[in-house]
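In the two complexes that follow, chain A is the common piece, with chain B as its partner first and chain C second.
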Partner chain A sequence: MADNEKIKVSIDGIPVEVDPGTTILNAARKIGGDIVPPAMCYYSKLEGSGGKCRTCLVKVSKGSEKDPRPMPKLVASCRTTVMDGMEVQNITSNEVIEARKGVVEMLLINHPLDCPICDQAGECHLQDLGFEHGAVSTRYEFERRTFDKIDIGDKIQLHMTRCILCYRCVFTADQLTNQRVHGILGRGDAAEISTYIEKAIDNDFSGNVIDVCPVGALTDRTFRFKNRVWFTKPVEAHRDCPTCSGKVTLWYKGEEVLRVTARKDQYGEVEEFICNTCRFEKKHTADWAIEGPRAVAHTSVISSNHYENLKPLQVIKENPTLKEANKYQFERSVRL
Partner chain B sequence: MESLSNRKKVLEQKPMNFWERMYLPAIIKGMRITIRHFFKKKATVSYPEVERPYSKNYRGMHSLKRDEEGRERCTACGLCALSCPAEAISMISAERKKGEEHLYREEKYAAVYEINMLRCIFCGLCEEACPKEAIYLDGPHVPADYLRKDFIYGKNKLVEERFDVNLLEMANLKQEIN
Partner chain C sequence: MARKLLLEHINVPQINTLAVYREKGGYRAVEKAIKNMSPEDVVEEVKKSGLRGRGGAGFPTGMKWSFLAKPEGVPRYLVCNADESEPGTFKDRYLMTHIPHALIEGMIVSSYALGAKTSYIYVRGEMMPQIRILERAIEEAKAAGFLGKNILGSGYDLELYVQPGGGAYICGEETALLESLEGKRGNPRIKPPFPAIAGLYNCPTVVNNVESIAAVVPILNIGAEEYAKIGIERSTGTKLISASGNINKPGVYEIELGVPVEEFIYSDEYCGGIANGKRLKAVVAGGSSVPILPANLILKTAKGDNRLMTYESLADGGFATGTMLGSGGFVVFDEDQCIVRNTWNFTRFYHHESCGQCSPCREGTGWMEKVLHRLEHGHGNLSDMDLLVDVSKKIEGNTICPLGDAAAWPVASAIRHFRDEFEWHVTHGEESQTGNYGLAHYADPLEPVI
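And then the complex of A and B:
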């Protein structure tokens, strides 16, 4: 197969052409919409991430054009590459929905469900996932594993109880920073994120572990209990930063900047990593050049009270012929 | 035009006869109705000395509840304020310090919790939204006042009286002995 030849796959019946070597997840993201599998551990900006959480399970109903047998088990779409003629089922398969519900239950086994306290609530991926797929109650009867809170430096707090072991922060520390300062200790149920003797991270980009964390395990200590996410107003801003791109989102409450984060795309992934100076030090409007309010999905709780997002459905069907015919009248009335 | 429903009553105006011109029978008729009411049961009560029984699901003033150990249940999650259609609720959260475990149930609590009773429409959505069963609209009427600022109720008015845990334990013990 030639290098630049595209291969055809279909996801939930929607055909798409992608480069060879693309994962199913990325092919689905190319289509976009509801058929994109959720991902808790996969992070497109971090090499080697994915394959841990199993929330992105999909069913491959046809392996490829040459070998049309379906794959025997559900596969993790973030780690499985597409084949020519592959047919994938995500939300059209009951099996996948069932399995995902099981995965969410599994992830929530040790999760404390302290959303009313947690600073991540409102932008937490596990919360969204639980809302969409989870069961109402838990069947787990044993004691949940708990840890003490650990301060990683004076700016970041690690709340291991909430951690789902997605390894995103470990990859961030590995790939973004030069010296590895935190990793995972222990195995299986005993695994935990640790900094080795709780050493402070002295790297300029260490704050990004807060942004990559899909749950509230790593949180900003400067924002701790300051306000709830949905009461703050996100505003896009930038500044000339010598170390990073300086493109951030400021979270305002009134005139005060409560928190600075990197800009996140529709999959909750950071567009450009930002440095600690931007994140923790620059908390005045004067430090930033404001670009405008951030577009928030209307389904998100953060969009509450943001009236510019209110787009009521059209009552009357759009009719271009009628519009064209009435154009003169409309312009005339506007002019008058 | 003819009426469609045919329920219209057509009044005729005629000159009054002698009895009607005297007015006295009409006055007696009216006074009879008036005097009859003197001997009837009163329709009103003199609130606030007398109170009518409230319905079981009556929604009155809010109260912030304490748990069985007398600690405040509210964790300042902000869901009541989010659900409030009248935007009457505001709060400032704080972190629980060491040694305050007997005061607050969770590691975060509401340092300031204010409800503007003039804004509140007593819809009960805050009660429904609360994940910690901390707020209930189980109080009486909100009393009248003179100044607008006095209608902003803080924690001093909202938080439930702390019951004496020791007394309760004693009562329980007595029950066990008996």
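And then the complex of A and C:
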């Protein structure tokens, strides 16, 4: 097969053509929408990531044109490359949905569920995952695992109790920074992210571990408890930074910049990693050239307070009594 | 007397030394292979012998060898898996302790067959004495010209190293073993790529169990055809079985594959029957990972045939009524043993040994352990059994490495075959703390001995 030839695959019956070597997950992302498997550990910008959390499991009902046998087990779509003629089932397979429900349950049994006091709430992938793919309640009746909080330097806090061991921060520390001081200690459910005896990650890009963390295990100490993310407004801005691209999202509350993060795409992955100076030191509007509001998925709670597309709910329109009661609102929405 | 190929000279004094080992015909296979055979011939011989991996999965060794990629200018490695840590399995340690040269000789001929110039024996970290024994044996072999540069004047060079393991069961999983050997944390790798393509230091690598490698020596000595005559169907040759539990003669036995399970348990040549005149309750036939079977199903298949010690016969009936030969860790339970307690114990092991990469295994093993702990101590609920089966299903097949399956199978099979005993622990919580449920309906189908 010539190098530039595309591979044809179908995911939940939707055909797509991708380059050889593409993973099932990325092929699904090319299609987009509901059929994209959730990914808690895979991170396209981090080499070697993925394969661990098992939320992206899918069923390969046809291996390829050449070898049409189905794969015997569910596979991690983030680490399985497509073959020509492959047929994949994600949300059309009960087996996948059941297995995923199991994975979500497993991820949650030892999670503290302390969302009300967690900085990540509102932009937490585990919340989204639980909401979209989880069961209504848990069957777990035992004490949950806990760890002490650890400060990693004066800017980052590690709250291991919330960690889902996706290894993203380990890869980040390994691949973005020169000096590797970040790894995993211990085994099984006693495994913990370690900075080798609390040694501060002392380099320019360490703050990125906060952005790659899908949960609230690594948080920004300069933002801790300052506000709920859904009360802040994301604004795109840039500055001329000698170390990184300087392209960031500023999170405003009123006039004040509460937090600076990298810009994240629809899968929660940063577009470009940013340096610690941009993240921790530049918290004044004057430091930045403002570009405009950052579009946030309308399903996210972050956009819920921004009234950009206020539309009365469908049910109200269909109920004459409610319609009458909400007359003013309707007129307003038409005016708008 | 059954034929012995690996343990024939086990009782010869000082068989652990090169001199005595050679007196008994040792290193003939090296001479034969290096002087008279091409590497391909050796691979062909092993293929013809029908030898299947003795580390647990039973994958045909010759076939594994022929999958090894051979790109130009890239080294290839042979790595011997001597991390033996499966509860119930202790055959590799026995072989290495008493006849270390059997493994060294096997490593030389296997490395020659694969074109490996550097080979490693990764030994479980706790086995310090065996590590020393192997190192001494390597020194002896080197001094005699069987290792090092230009072996027996053939131009073939081989360096053999012993690497102490990282002290974790998971380091026995072949890709975790390779990570550990490279000096990293022993986490299993995500496959593909398989070691045959990208293994140790990203180079093509074969990982084989101690016994698989040692078996290559008799295969070359007696010839593949002769070897394949031993055993039944696709279970050829002899196999080391580590027998333990409530039997009269626990120990390591070399059997010809195909021995009936009943004969293995009751004959004086092997286990010598159940100890203290008790009756058989259950058997874990291949190490803690394989499904446990009650007495009636281990002695006869569901179809009523005699169950034999072969890969096929033990697996007869699938997981519904069968099990696996696994690594040959044969654990026998008599009527006084508590299946709930044993299942808890096994699960505690897997919980402790999970590497923690995949969420189902990391969290599920701990969850199952907690539920089993509660059941064992008489505080369980009747719904716990369904919960356990469901959790085990959520782990099985959904993980990176087979440790997840290995943790799920013992639980699922114990509940499949011994559900009434689990229920009794719930309904008779207090009684279960002092008494025992006994044999019940899966009673030993044989006549009592007395």
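Methods note: the second predicted complex is superposed on the first by the 308 of 336 C-alpha atoms of A that agree within 3 Å, B and C clash if a C-alpha of one lies under 4 Å from a C-alpha of the other, contacts with A are read in each partner's own complex, and residues count from 1 in each chain.
Here is the rule we go by: a contact is a pair of C-beta atoms (placed from the backbone, for glycine too) under 8 Å apart; a residue touches a chain by one contact, two chains touch by 3 or more.
Since the model is a prediction, treat every value here as computed from it, not as a measurement.
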Superposed partners chain B and chain C on chain A - clash or fit: fit
Residue contacts on chain A - larger count, chain B or chain C: C
Which superposed partner A:Met83 touches (first chain B, second chain C, both, neither): neither
First (chain B), second (chain C), both or neither touched by A:Ile14: neither
First, second, both or neither for A:Ile150, with chain B first and chain C second: neither
Which superposed partner A:Gly188 touches (first chain B, second chain C, both, neither): second
Partner chain in contact with A:Gly102 - chain B first, chain C second, else both or neither: second
Touched partner set for A:Arg139, first chain B, second chain C, both or neither: second
First, second, both or neither for A:Ile31, with chain B first and chain C second: neither
Partner chain(s) touched by A:Ala121 [first = chain B, second = chain C, both, neither]: first
Minimum distance between Cα atoms of chain B and chain C in the superposition (Å): 26
Shared chain A contacts, counted only where both chain B and chain C touch the same residue: none
Contact footprint of chain A on chain C as seen in their complex: 168, 170, 185, 190, 351-360, 362-367, 370, 387, 391, 393-394, 397-400
Residues of chain A that touch chain C when the two form their complex: 50-55, 57, 73-74, 76, 79, 99, 102-103, 105-107, 109-110, 139-140, 142, 145, 164-165, 167, 183-184, 186-191
Sites on chain A touched by chain B in the complex: 114-117, 121, 224-228, 230-231, 301, 304
Of all residues in chain B, those that touch chain A in their complex: 75-79, 81-82, 93-95, 106-108, 131-132
